[in-house]
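In what follows, structures are represented as structure tokens.
Two complexes, one shared chain (chain A), two partners (chain B, chain C).
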Partner chain A sequence: MTTALPIGWVLRASTVGFTVGCRVLQPSVPQFGDLVKVPVSDGMSVFGLIYNVQVQDDPAVRQLILVGEMEPEAVLDQRENRLVPIEISVLVVGYQRDKQIFQGLPPQPPLSLDVLILGSDADIRAFTKNLDYFRLVLNSPQIPGDEVLVTHLRRAAEVQPPETQRQFLLNAGRELARLLNFDLVRLDNILRRIRPMSS
Partner chain B sequence: MADNEFNDFDAFFPRAVTQKLGMVMSGSLSKGLEVKLDPSAPIEEMAVGRYVIIEGEQLKFFGMITDVALDNTNPQIEKTPPDVSDPFLREVYAGISTFGRIHISPMLVLDQAAEEPRPVKTIPGHFSLVRAADEDDVNMVFGAEDEQHFHIGEPLDMENVQVNLDLVRMVERSVGIFGKSGTGKSFLTRLLLAGVIKRRAAVSLIFDMHNDYGWEVQSENRTPVKGLKQLFPQQVAIFTLDEASSRRRKVRPDFTVVLDWSDIQPEDLEMLRVTLDLSDQMIGAAYSLRRAWGRGWIKQLLEADKDTIDLLVEGTTINRSSLDALSRRLERLTRFEFLRDSWKGDSAQKIIDYLDKGITVVLEFGRYGNSLEAYILVANYLTRRIHQMYVERVEQALGDAAQEPQQLMIVIEEAHKFLDPQIARQTIFGTIARELRKYNVTLLIVDQRPSGIDEEVMSQIGTRVTALLDNERDIAAVLTGVSGAGALREVLARLDTKQQALIMGHAVPMPVVIQTRSYDANFYAAMGFQDETALRAGRSTRVNLLRGEREEGID
Partner chain C sequence: MTLELNQVAQQVKAMGRSLAEHRPHLDEELARAQSLLREFSTRPGELHDRIQRAERAQQSQRFDWVGAAPTQEPLAEVYSLPPCPEQLTVIASDGSQIHPDPHAITLYYLINTGCIIYRHGSNQKPETYNPKPKLYYEPEDLFDEQGRLISTGEVNVKRDLAELEVLTNLGPAYAQIVPEPVVALMDGQLTLRVIDLPFGQQQDRQDEYIGLLDQLREANVILGGYIDRPRSTFALSLIYLASLDIEQINEENLRRNAFRTLTDIELFNFLGPGERSAIFTVRAKGLDRYTFAGHTIHFFYLNVSQNPASPHLARVELPAWIVANRPALDTLHAAIVRQAGITGGYPYVLARADELAVISSEEREAVELMLAVEMRQQGLAPEISLKQRNKNAYRFGRESFRL
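Then we have the complex of A and B:
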């Protein structure tokens, strides 16, 4: 979780979100719900949450499927030397400028080929001190916002000091309760999935 | 500079964290404030009657919790409640989706610059912080105990804070002590009277129906508690109507009250209209008899033979049947041994003599305490006489306060029998209640049915001390003319059955629910009472000093 290796490069971007292309998926990164960041110009970084990972087909894959028999070497070659990149979709939830974190949309989106890196544990702890970004996630259309938040919160709780993990989830739950007061079924569904195992 | 010094001091001796309760969400001056409870404030600790401070931007408001409620941000949660068996879910929902609400009546504005709290004329803004009042806040409102103020109890759950009554203001107007049966009215009355005697705020005449105030009383747990005479032997005298009863109770009365039959006049019978079941015709007959026979008319009627009655009926317009009925009813009074023929003493004058010396008179009724006729008859007769003497003296004083008689407080029990709307306008007690402090006589009425008391009289009662009442009409009667009565209604109906009371009116700056002071050895000591051992020790020290021993600490 502490790796700062580049995951991929920005393919397309807008203020509210961007898509990153990468060659191959490493065993554990990136994952759905991860907090990622893209360093952009002037010491600014844009933070986002991964809400979708898309593996698109290409002509070589189609031909291999038509052949029918899959040689392990051929499968491995196809996975490591893809003709089209794997696409990772990221929802923008905040940005950092001069070491200060703002939750909300950045003044400018990342540019093409900016590097995407996974947020460190310190980044996650710093970013989740404030929970104002929940509203952006829950209100973004066409993304599985509830699923993103559940996965993100469980992971964010893991990097908190053990003695504050429950309180972190409790604060997050209360923020969700404020935001989803109008939809108790949805709220209950999220809360049940983020509750600490020991509770 | 002073602030800095204060903060430095706090660093070494931090003060207790004042509990934040919530914030003001809405409300009005007339209806009170709605406060959303903070999730950290347990709703079960929000008792009605508890004091709070509302920190406005410029002013600090002192208020009282008058209602507690549960609320939520989405009514759907009442239909589909969450799984609260999971502590995490319960903690998330509590305080956010579901929360407590308290209703606060703002009572006073606490202004550090002003000498005393001011009545509230505005309200704090939205989101003003509400916190539990601490000892300093409450002390600022009720002041310290001094020559004029008497410690009557503590606010709920604040053991180290005193609520002090302004006795001088209290005795200036009539006082009412109300509460259903068994809620400690007599105990409260004794407490107040002890304060009045100790502070010499007034002199009292107590019509003690059940021998509750004089020498010694049995408490509910059958232990004897001291009456006023034991606490203030020099300032209290016991008069009795029933000497035998006093002796049986080992009470040495200072005077035995006897009335002459000729003392009873038709005006006194008006008061007994309900108790003796007297009709208008019978009362009319009584007035006619007095005209015909003079002051001794009752005795003459009771002893009259048939011929005398016939003669009387023929010579006057008195109806024969009314006369017979009146005679039968007055026959009931003959069992009262305190009514005698040709009695030369003047009990009313004797009482006045004691009152003039600043001595409170407790009139014990002994076995006649169970007879309402006796109580009403005697109380009415004596009060009428004493009031008349006070009126004459005040008028003679011509406004010279030094010449006026000392403030007198007349204590009556079962007050609704004296102040019933049908008779209150004609009786002496109605007159005293209405004329306020004009003639230096006020009432202290003790009653369990305030709804039976005339509305006009109730409106003239300056200080009301109310233990638990649960009858709606009684509660409404007690709260007549009190601002914010709706909120106090909730408080009144939820008092404990013992040792709790709501005090409102002239003697306190704001309505206050108190845990009344215990009437025990500590109280006796505070009143200056010394038991035998202490007295003996004091005597032996003084005797030894007389014998030439040197007192410690004196050169």
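Then we have the complex of A and C:
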């Protein structure tokens, strides 16, 4: 999917990850495993993978739930009119300076209120030419790295040219096998879920 | 020094004991008041005679008797929840303000209003509307002819007028374009509180306000004022008159109201879920202009709770032209209960209108920051008072050490 519309703004950030706030029902609702980017200064963009989408707590919503008299108009009001924030947590996996993509941590994190946009199909194809970022995802503690990678790879395969989709997944599988050769159970769990459909 | 909570704790214990000790007496007084309510339920003539005598007695002392007068409805009657129209539009507005502060960087005040239009049964998202906030800073906005700074009461009057103006702009417009009844809800009493205004302005502002009420009446908008947890005693003042023989009604006895520690919502604690009390008229001399304009202020008490075990009574004020229109009255009654049902006890639209209007402390700080920047750009020196600076330093700079 291609879009340049902002889906949120950076709330807090570090070199390894950042959190973005956005409202409900943005034109493109961000999804778990999506590749996103944040244009920062000097022609640089930071790439990341969404590993958590969290609907924030809101006392008014909690009160409505407790009462249980859910009128459709009130639900629409809460979802579309009120500023009930969604927080999106992003793991940094690389950055782009000028036209060149680097896989790894950027020299500087994004700043507060930098804009988050969904990576375009072209961005995904460009970023996934190299698979060095797998290690970052698999080694990141406290995130569901395996799930992020499975979802991301399935989506990344879809935007590859049809004739290379199978090869893309095979390459991804080989890289995973290299990284996870010490944990065959974990490797098997990922490979079974990204296995290309037999032609 | 911080508040010595251990010192307060002892007093809190004493307060708890005192509340418990008074309760049996209050219950006795309440039972007596409710008995009188039933006894005089269908004797409005005798009550009107007593009211006239009380008003004369107070006037002789240059006071006004303030209380409730019966209407055609029996005082102790209970009116059950009428069916609510499936399609119904409810509009609510609310206002918020930054009062002028002599200790701030400069003198100004700001009024913000918010409004929501909720169409029950439409499956559409409610419309929200925020008129442009109004910043007042010109000398004629801030000072009167004697150079006195505008009071908080005067700012509040401007805010109340702005709230009603929003309803007057939107209520009639929606009444023309939607097929269903349109209810306009205000937070608080229906009348404009002008007591804080200079005498010369009181009538002008009231006339302006009444002109807006006229527009709502002409557009057939069903208007109500919602007072949550009222401490009012209008009906109890009437019941106290009922407790006296007419000859006993004099200035001295009027000062010894036996029911003064009770409130009307206790008097009507027998209302079940969705039920309303009889309608009463508010008797107070300051409301004459409303009466002359056909907007005589009436009220009823309404249990908006849906749970018999936890009643929640509110006072609903309404003008005479709604009282005279039974379908409109029933719609107002049903609309408020339906709205309160969404949140569990308070009309949803009023809660949302407040949210749309309220100026948070952070927003106020942002306004002050913008003002400070602008003043510096204009070569001015924005400075808060030394008093304020010291308050800020001591209030917000303090750290507490907790065990």
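In the analysis below, the second predicted complex is superposed on the first by the 191 of 199 C-alpha atoms of A that agree within 3 Å, B and C clash if a C-alpha of one lies under 4 Å from a C-alpha of the other, contacts with A are read in each partner's own complex, and residues count from 1 in each chain.
Going forward, a residue touches a chain if its C-beta (ideal position, glycine included) is under 8 Å from a C-beta of that chain, and two chains touch if they have at least 3 such contacts.
Note that the coordinates shown come from a computational prediction; the quantities given were computed from them, not determined experimentally.
Undergrad: On chain A, do chain B and chain C fit together or clash when superposed?
TA: Result for chain B and chain C: fit.
Undergrad: Please work out whether A:Glu80 is in contact with chain B alone, chain C alone, both, or neither, and reply first, second, both or neither.
TA: second
Undergrad: With the two structures laid over each other on chain A, which partner does A:Asp42 touch: chain B (first), chain C (second), both, or neither?
TA: A:Asp42: touches no partner chain.
Undergrad: After superposition on the shared chain, which partner residues are touched by A:Asp188: those of chain B (first), chain C (second), both, or neither?
TA: first
Undergrad: Which of the two partners, first being chain B and second being chain C, lies in contact with A:Leu64: first, second, both, or neither?
TA: second
Undergrad: What angle, rounded to a multiple of 10°, is defined by the Cα centres of chain B, chain A and chain C, with the middle one as vertex?
TA: Reported to the nearest 10, the angle reads 170 degrees.
Undergrad: Per the contact definition in the header, classify A:Pro72: touching chain B only (first), chain C only (second), both, or neither.
TA: Only chain C; A:Pro72 stays clear of chain B.
Undergrad: Output check: A:Glu163 vs chain B and chain C. Expected answer is one of first, second, both, neither. What do you get?
TA: neither
Undergrad: In the overlaid three-chain picture, which partner chain does A:Asp98 touch, first (chain B) or second (chain C), both, or neither?
TA: neither
Undergrad: How many Å separate the nearest C-alpha atoms of chain B and chain C in the overlaid structures?
TA: Superposed model gives a least chain B-chain C C-alpha distance of 50 Å.
Undergrad: Per the contact definition, I'd like the list of chain C residues that touch chain A in the complex.
TA: 116, 118-120, 122-126, 128, 341-344, 348, 351-352, 355
Undergrad: Where on chain B is chain A touching in the complex?
TA: Its residues touching chain A are 73-74, 76-77, 80, 82-83, 86-89, 91-93, 95-97.
Undergrad: Sort out for me which residues of chain A touch chain C in the complex.
TA: It comes out as residues 60, 63-64, 66-67, 69, 71-74, 76-77, 79-82.
Undergrad: In the complex formed with chain B, which residues of chain A make contact?
TA: 166, 169-170, 173-174, 176-178, 181-182, 184-185, 187-188, 191-192, 195-196, 199
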